[in-house]
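Scroll down for the structure; my scribbles are underneath it.
Chain lettering (A, B and C) follows the sequence in which the chains are written, and residue indices restart at 1 in each chain.
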Amino acid sequence: MKINRYILASRLKSIVIHTFLILVSLTCLFPLFWMLRSSLMTNATIFVDKSLIPHEFNIHNYYLAWTEGNFAVYCLNSLIYTVSVVFGIVVVSSLAAYAFSRLKFPGKNIFFNMFLAAMMIPLPGSFVPLYVLMNKLGLVNTRIGYILCMINVGLSLSIFLLKTFFDKMPSDLEDAARIDGCSKLGIWRHVALPLARPAIAVIVIFNSLNVWNEYILATLLLNDKSLMPLQRGLMVFQGVHSVDYPLLMAGLTIAATPIILVYLSMQKHIIKGLSSGAVVG
Amino acid sequence: MGIAKIKKFSLAQFKDYLENYLFILPAVAIFSVFYIYPFYDIFRLSLHDWNGITPFREFVGLANFQEIMRDQNWWGSLWHAGYITLIALTFQNALAFALALACDRDIRMKKFYRVVFYLPPVLSEVVVGLIWQWILQAGTQNGQQIGLLNYFLNFIGLPHLVNDWLSDPKTALTCIAVVHSWKGFGWGFIILLAGLQTIDRQLYEAAKVDGAGSLSVFKNITLPLMIPVIFVVVILTILGSMQVFVLILSMVGQGLVYHTEVPVTRILASMTGTNRFGYACAQGVIFGFILVLVSFSLNKISNKLKQA
Amino acid sequence: MGKRFLLVGGVFSFCLLALVCTRCGKKAEKPANAIMVWHWMTDRNDAFVKLAEKYEKETGVKVNFELYAPSDAYSQKIIAAAQAKVLPDIYGILDKKEIIASFIQSGFVADLTEEFKANNSAWEKSLFPKALSVNKFETDNIYHVKPGIYGVPIDVTNIQMLYNRKLLKKAGIDQPPVNFKEFLTAVQALKAQGITGLVSGWGELWMADCFASNYAFNIMGESRVMATFKGDVPYTDPDWIKVLSIFKDLQNKGALAEGIVTKANKFAEQDFALERAAFAFNGSWCVNVYHDMNPDLEYGAMLPPPINGALPMKIWGGAGSSFVVNNLSAQKALAINFLKWLTAKEQQAFLSTETRNLPANQEALTQIPEILSQFASSMNNTTHPTIWPYNEDALVIEAFDKGIQSIIIGEKTPEQVAQDVQTVKDRQMAKKRSKNKS
């Protein structure tokens, strides 16, 4: 009798939880569904056709988006930028965050607070000084210039996030490694980094989304079409006056796919499960 | 004897420090070139009257800052951003935390949820703007409401609640804040989930053995261990919400009178609308100063909480 | 983990290599027979590229069109590039006359007056005078720019009222209204049928400003509007109250679409194309937009219905988009030759048919759709802030436009708004005076 009531209560609880989760999921899925649906329509039907599933599937939009938007080149560029920037951020920020969390040196707090402050201060209008500086350095219209700028954009936030996670981690393993004669760099590489995998996964997810969707800085710093990232192709679909919505939606769907894949491959590192979870905590 | 000891000690220490500095060197180097220099330039520009183009920049000292102090529209915009942030801090983060807690357990379909909740941040602002425009828009065609929300309100028999949501000063800002929270909760969800996953399961098991209810487990184990992570999320929420503007542009265009203005839209208005570059830079400096003040006082609070 | 790191490292170094290579390649390139054009016109890019190919075949000069979107990002890029002195050979300035003047005074824009006047002003005469006047600085202009022509218009545009024939008929209206009174009656008749009256993208402030400006010219005449900008007539003048009261009347009579104050123009265009409103206030570019969304839309263009029969209705119009030549460019002559070619009859006709815009070249007007020729026929009624002898201070304009919004949502009366605007005006005038003194 008592057990039955317990089961009933937990059932009820799980139903409530699931209803809530499903409701939130629906609001998240709906825009995605709407985007897919719109990408299969034509400009003439998109605002008139109220049915949920379009009457005819116009897959041609995807072909058009890919060719007219010059997506092959842009995709490759975006891939180069995203991989380089994210890799750069992970290396540079994890080194710095590790130092801020574990190592001792004078001015540590000043430096860390400087990064923290930088994260908070937006730089509107910084595009003029930045452009003049980049021009002096010969970095305008180069991939490396854009990559360095984007690394800088994601740096503060990543350091802050990683430091928080390093602070949370126990230092037993690192102490053991130090006693075994491991160098500081070795400890960072072989002990700290693997342990911080969930946090690094978060950083990879955040920064790849950020780089993948960036276009203002790209428009500012890059001149040639051949160097532009994917978002530029999407911007062209949104005309000054006229917008070809189905084409735009097809382009947006194409553009969203890789980023969702990144998330799918990274989220399992966040969810390490019980086995490795026992090590940390 | 004492002197020798100190000398030997400090040489080793010096080498140690030097080695430690190498860890932050790449970050500081990139940062100095691409952040500190432009920041210095902006600060310099904030002391000038300049339209962004002419080679001549008139030095006006602190005149721009004095004018900001009297600029009611500016302080109003700061309050609006604060309001959006307040809603995001409570509504968005509560949602994110609740969802993260749910997905931290062993429940069915949790893999599915984990993927789905990250969809809104991934979606383009264009799609989000279009969809919410479609949901919130007012107006009728052939006697029927065009907007989804108004249509729904009519449908369930609450026609008196039908409203011009985005053009009513009473509702416009709240609508923006809600959409912003909806788009942003996925971020907090991931970080909180990652934080929850680092909590040792054995602690939960032990508490269960001791007969603790789930509420007391949450209060005594989860919450204290999550404070640093919650602090991260709070900071990021403030950061993201204070600087929201693309969403505002896509929902209400150049704004509903001054009711939907936030600092970033004011700065953009000074820069491109009225071509007062120096004034825009001064606004940026003040805005940054306020944000830093807020985040550092939060840092203090979080440190106190950690010690407690 | 180790293997994965190696893989990522490999990809990274490959990328580095790739970009180092592209950087080496960049330095060698800078052919003498090529010109670079930066622009923002997404809808015209394809036509430009086709024309560039044709030009290269004819003359051997390569023209590179680089498109930057959205236009905000483009504007920022131009400003930044100007500071670094790396502007392209040809570009466009998307800004107020005051800013164009700053570009000219800073030496970033070539003076094209001599080119336009050469051969008995052949180039100047081929283009619409209204289109050219946007790029002209008259003698003794308030910006202190050396008089002359500094830009080349590539198309013309104007902003008018549009009406949906089918919806008007449905409400029993046979002829579009010819004055404001008739307009309000028509709107009442439409309302009785459940049809929205006027839609426009007043979420973009300049469009509401344009509408107000049209009526200001109609109610008080150009001279008094200019006197206001100069500071001689206050905004609290009964005539300005009348102008602001138009918005109150329109709102009270239910003439305005719901949500008009926060509507971006693309949504307003959607509403009109999908027959959700009987009237629209929009520019001639809409022909292309409506055609894309609803090819069967039956509509016509008309001047906004005047209130005052004694004075003409003036609408905004002139050059839609213009190009300028970089004064620092080494290829100035080549660039000017290309712009001459681009505004010649044949190319203008091509651009006009490809993009459904009004051509800047008068001779290219022959074969255009009826609705476009309706727009073109009103070109004589156009005026534009860029050709006025005086311009209002940007902060005053902001206060005025925001004031229109608060009248529409019923927050303030026209009198209150007039007072607010005048307060800002007085402050700006005082600031200007103290600056001139020092």
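Descriptive notes on the structure:
Keep in mind that, in the parts below, a contact is a pair of C-beta atoms (placed from the backbone, for glycine too) under 8 Å apart; a residue touches a chain by one contact, two chains touch by 3 or more.
Keep in mind that what you see is a predicted model, and the values were worked out from it rather than measured.
The chain with its Cα centre farthest from the Cα centre of subunit A is C. A count of contacting C-beta pairs for A-C and for A-B identifies A-B as the more extensively joined pair.
The distance from the centre of subunit A to the centre of subunit C, each centre being the mean of the chain's C-alpha atoms, comes to 37 Å.
Here the CA centre of subunit A is 16 Å from the CA centre of subunit B.
Among the residues of subunit C, those touching two or more other chains are numbered 76, 79, 83, 274. Looking at subunit A, one finds that residues 128, 130, 238 touch two or more other chains.
Annotation for subunit B: residues touching 2 or more other chains are 52.
Residues 72, 75-76, 79, 82-83, 95-96, 98-99, 102-103, 105-106, 108, 194, 196, 201, 203-205, 257-264, 267, 271, 274-276, 394-395, 398, 402, 405-406, 409, 411 of subunit C are the ones that touch subunit B when the two sit in their complex.
Only residues 16-17, 19-21, 23-24, 26-28, 30-31, 33-35, 37-39, 41-42, 45, 52, 95, 98-99, 102, 107-109, 112-124, 126-128, 130-131, 182, 186-187, 190-191, 193-195, 197-203, 225, 228-229, 231-232, 235-236, 239, 243, 264, 267-268, 271, 277, 280-281, 283-284, 287-289, 291-292, 294-296, 299 of subunit B touch subunit A when the two sit together in their complex.
Per the touch definition, subunit A reaches subunit C in the complex via residues 43-44, 47-48, 80, 83-84, 87, 127-128, 130-132, 135, 140-144, 147, 194, 215-216, 219-220, 223-225, 227, 232, 235-244. Across the complex, subunit C meets subunit A through its residues 1, 8-9, 11-12, 15-16, 18-20, 22-23, 26, 40-43, 45, 66-71, 73-74, 76-77, 79-81, 83-84, 86, 265-266, 269-270, 274, 285-286, 288-289, 292-295.
Residues of subunit B that touch subunit C in their complex: 51-55, 133, 137-143, 146, 164, 166-169, 172, 250-258, 260, 269, 272-276.
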